[in-house]
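Shared between the two complexes below is chain A, which pairs with chain B and chain C, respectively.
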Partner chain A sequence: MEHDFIDRYSRIDSFMSRLDPRVKIVGLAALMVCIVSTAPAALPAFAVYGAIILVLTRLSGIPAAVILKRMLVAAPFILMIVLFIPFFRGETVVLSRTFGSVTFSVTREGLILFWGVCVKAFLSLLSVILLTATTDFPTLLKAIEKLGCPKVLVMVLSFMYRYIFVIQDEFMMMRQAKDARSVGGSRLFHWRALAGMVGVLFVRSYERAEAVYLAMCSRGFDGNVRTFHPFRVTVADAAFFLTLAVSLSCVKVLGALYG
Partner chain B sequence: MAEKVVEIKKLYYAYPDGTKALSGLDLDVFRGETLGIIGANGAGKSTLLLHLNGILRNGASDAVKVLGRDMTDKNIPFIRSRVGLVFQDPENQLFMPTVFDDVAFGPINMGMKEGDVRRAVEEALKEVDLPGFAGRSPHHLSVGEKKRAAIATVLSMKPDILVLDEPSSNLDPKHRRGLIDLLRRLPLTMIIATHDLPLLAETCSRICVMEEGRVEADGKTADILQNYPLLEDYDTGALLHISRRSTT
Partner chain C sequence: MHIPDGFLSTETWAAAWVVSAGAVGYSVKRTSRVLKDRTIPLMGVLSAFIFAAQMVNFPVMGGTSGHLLGGVLAAVLLGPYAGATALACVLTFQCLVFQDGGLTALGANIFNMAVAGTVGGYGVYRMIARTSDKRAVVVGTAVASWFSVVLASVLCALELAASKTAPVGVVLPAMVGVHALIGVGEAVITGAIVATVLKTRPDLLYKPKSSVEV
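Let's look at the complex of A and B:
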């Protein structure tokens, strides 16, 4: 079976996908830091961030629909957090409703905070999607390793990326084998069978891990996974980084002067 | 007489649960030959293969000698760089996120320089007919491609001896044909454990029949594959039927 959703768009050849991933990570991280450190009331600043992201999206060649779809995946989590913010205690009550003995009041401070969290989460999410959609996962891993992420963590992520689909296929095949013999039976019985499958999957993954380790030892593994980092900073990378840095500094300076 | 590259004397091995896998096995492999190993499931084929690069070791370090060296801690890095072991399931053999990283894994561990590693990877991928696959993820390959990529991961180490466990399992006829052609053109000493007798008939110069952890019979391919009483003993009539067809 083919699983392609992680890297589907990272093979589009565009300005963004050609950038050195380290420059991309540092640049977009800087953008996110600026976004989250801006006061909710600074509307022009958010407009500039939005414009930057829009331009980068155009440069990435990724269809807007794809980005929106990926946003939807994260949306419920953000919603869960922001839902109660308008009801925070504050000075000025904008709206108040009483249901029996419980009174809900929306405050002005709560609303401003609500807007701030929403717009920051939305823009940060867009930046992350832009990074992950234009960089394939193995390259991303090499870049974070090069930027100082602990090797063990990179190794774990790398094995996860390699084997999550293998395990998914195994589970799918087990489920098909179960369904092929499932004629009737109570719901409880099916849940029990499913629990058993999870157990089997764990044991199988454990055994596979041992087999993989043996295969690694056969090829001289000594506790360190070494790979090459074929990254080179080019003129395009420098231009991208400088433009981003100058725009963000301008926003920050102007914000400090007139904010 | 050609040089002995593998020398096994009275090799015993029992798994931790007590199952006896090898009981006094003797075997010599000579440079340049292709040796087939057949035997029923549980005869000890895979266990034997795991001894060839020291993944499994019994107490006596001189029971297995590779290229004249005993299987000691000091020699194991050298032996592992000379013996390329390809496991049956390519999912286990291909553990890195990209084909390039996987094929480069062995050479980098051997301490080769970056330029040499890149050249070795390129040559190995070309050898197995997968040029241009370097940037791909293993989970995007077909079964046949995975099998060949798995072979490339050890070819890049430029081994003297290539050891393959069930190389043709799960392959469709077309990919199996491609694999046989590949094995025939590799100029290495090879040890192939398989149930695929026609594959052995086409690739091997010599065949060993294993039973209960010992070598029961050892001889030229044609002699073994035409020894019907022996094969009947070793396995079912179906295999015999295939071997008859392929040797005539």
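Let's look at the complex of A and C:
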């Protein structure tokens, strides 16, 4: 079964993928913090954020269709919650419709909040996509570790990344086998079969974990993992970071002065 | 229940990040004290298992479906600290790879589901399953699963309300209502999974007192 989709686009050689991952993480995290902390009415600020993301997307070399597709996956979650916002909060009623005995009214304050939440959610989503699509997962983890995340947590995450697809495959095969053998039947029957599969999957995962541990011990594992991975901050990194820092501070200063 | 970016006010998500970082740090410390050099491979593979277990979908109503949260499942099988660590890893992975939940909101999501849901659920489980009687363990797991899903949804609703994204009177009943139903699915499936493990390898279930020799 194919699981290549996670790192497929991080192999594109582009300005964004050549950046030092630490610089990329700090820069894009700063961008996201700025985005979510901006007042919904500050339209020029959002225009600047949008422009920054557009430029970075061009520099990443990732096809726009891919980014849009990834966004669409997350969109239903956001829209489902956000759609109710215009209907509550605020006094200034913009639109009112009565269906039978129920009156729906859209308020100005509600609409502003609706816009704010939508634009923040989608711009942040784009930033995360830019980060993870231009960095392969192991490199991302190493960079997180260099930035001060506890080593144990990073190692657990990297092992998880290594085994996620092995275990997922095992589960998919078990489910395929179950589906091939049992057609129809009551829902309760299927639930019980499913639960039994997950129980068996746990036992197998546990046994696999022990086997992996023993294999590691026999190769000299003592709880520490040593890696070779020199990270170097280059001129391009400095340029990327300074440009981003200057434009973000400009937005914030101008916002404070004229907002 | 994965909160996207932009839904929480700066104070809310920043506070949640601080609390979650502390709680996960503590859990990692407690886990590695017990597991020592086994921590990394064991927790890594078992986090991957929790991730795979979350692929189990069950219909809720009106065409929507919920997936297994796995908090209580992790806590009953691995203990509260290792369970919380595993779930925090799963949530981080989902956020980075599948954009399921935002990065600034990750602290809040970890707090709701990995910290409060898992440890709170484990507390309920221990209260019911005082003895190692198999019925008590399965019933305790089921009740705790329902409780953990509802608790996480209450916290999620309160965070949204505190951020002034939605009024408490609307978001709290809506979230709790939906998740009280999702919780039933979670309870049935988690209970049945634990029953299977009890039948095949009861020695793998987390035992609080003998945990020094995992």
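General observations
We adopt the following convention: the second predicted complex is superposed on the first by the 232 of 259 C-alpha atoms of A that agree within 3 Å, B and C clash if a C-alpha of one lies under 4 Å from a C-alpha of the other, contacts with A are read in each partner's own complex, and residues count from 1 in each chain.
In this section, a residue touches a chain if its C-beta (ideal position, glycine included) is under 8 Å from a C-beta of that chain, and two chains touch if they have at least 3 such contacts.
Bear in mind the structure is a predicted one, so any value in this text is a computation, not a measurement.
Upon superposition of the two complexes on chain A, no clash is found between chain B and chain C, which fit side by side. Of the two partner chains, chain B and chain C are each touched by A:Arg162.
In the superposed model, A:Arg208 lies in contact with both chain B and chain C.
By the touch criterion defined above, A:Val152 lies against chain C but remains apart from chain B after alignment on the C-alpha atoms of chain A. Once the two complexes are overlaid on the shared chain, A:Phe231 sits clear of chain B and of chain C alike.
Applying the stated contact rule after C-alpha superposition, one finds that A:Phe15 touches neither chain B nor chain C.
In the superposed pair of complexes, A:Pro138 makes contact with chain B only, with no contact to chain C.
Contact with neither chain B nor chain C is seen for A:Trp115 once the two complexes are overlaid on the shared chain. Of the two partner chains placed by superposition, only chain B is touched by A:Gly220; chain C is not. Comparing chain B with chain C, the partner in contact with more residues of chain A is C. Taking every C-alpha of chain B against every C-alpha of chain C after the fit on chain A, the minimum distance is 8 Å. Of the residues of chain A, those at positions 137, 158-159, 161-163, 166, 208, 212, 216-217, 221-222, 225 touch chain B in one of the two structures and chain C in the other. Residue ranges of chain A in contact with chain C, taken from their complex: 6, 29, 32-33, 35-37, 70-71, 73-74, 77-78, 81, 84-85, 88-89, 113, 116-121, 123-125, 127-129, 132, 137, 140, 150, 152-153, 155-164, 166-168, 170-171, 191-192, 194-196, 198-203, 205-206, 208-210, 212-213, 216-217, 221-223, 225. On the chain C side of its complex with chain A, the touching residues are 2, 4-8, 10, 13, 24-25, 28, 32, 36-49, 51-53, 55-56, 58, 77, 85, 88-90, 92-93, 95-100, 102-104, 164-167, 170, 188-189, 191-197, 199-201, 204. Contacts from chain A toward chain B in the complex involve residues 2-4, 7, 137-138, 141, 158-159, 161-163, 165-166, 208, 211-212, 214-222, 225-228. Interface residues of chain B facing chain A in the complex, by the touch rule stated above, are 50, 53, 55, 77, 80-81, 85, 87, 89, 91-98, 101, 104-106, 108-110, 114, 117-118, 137-140, 153-154, 157.
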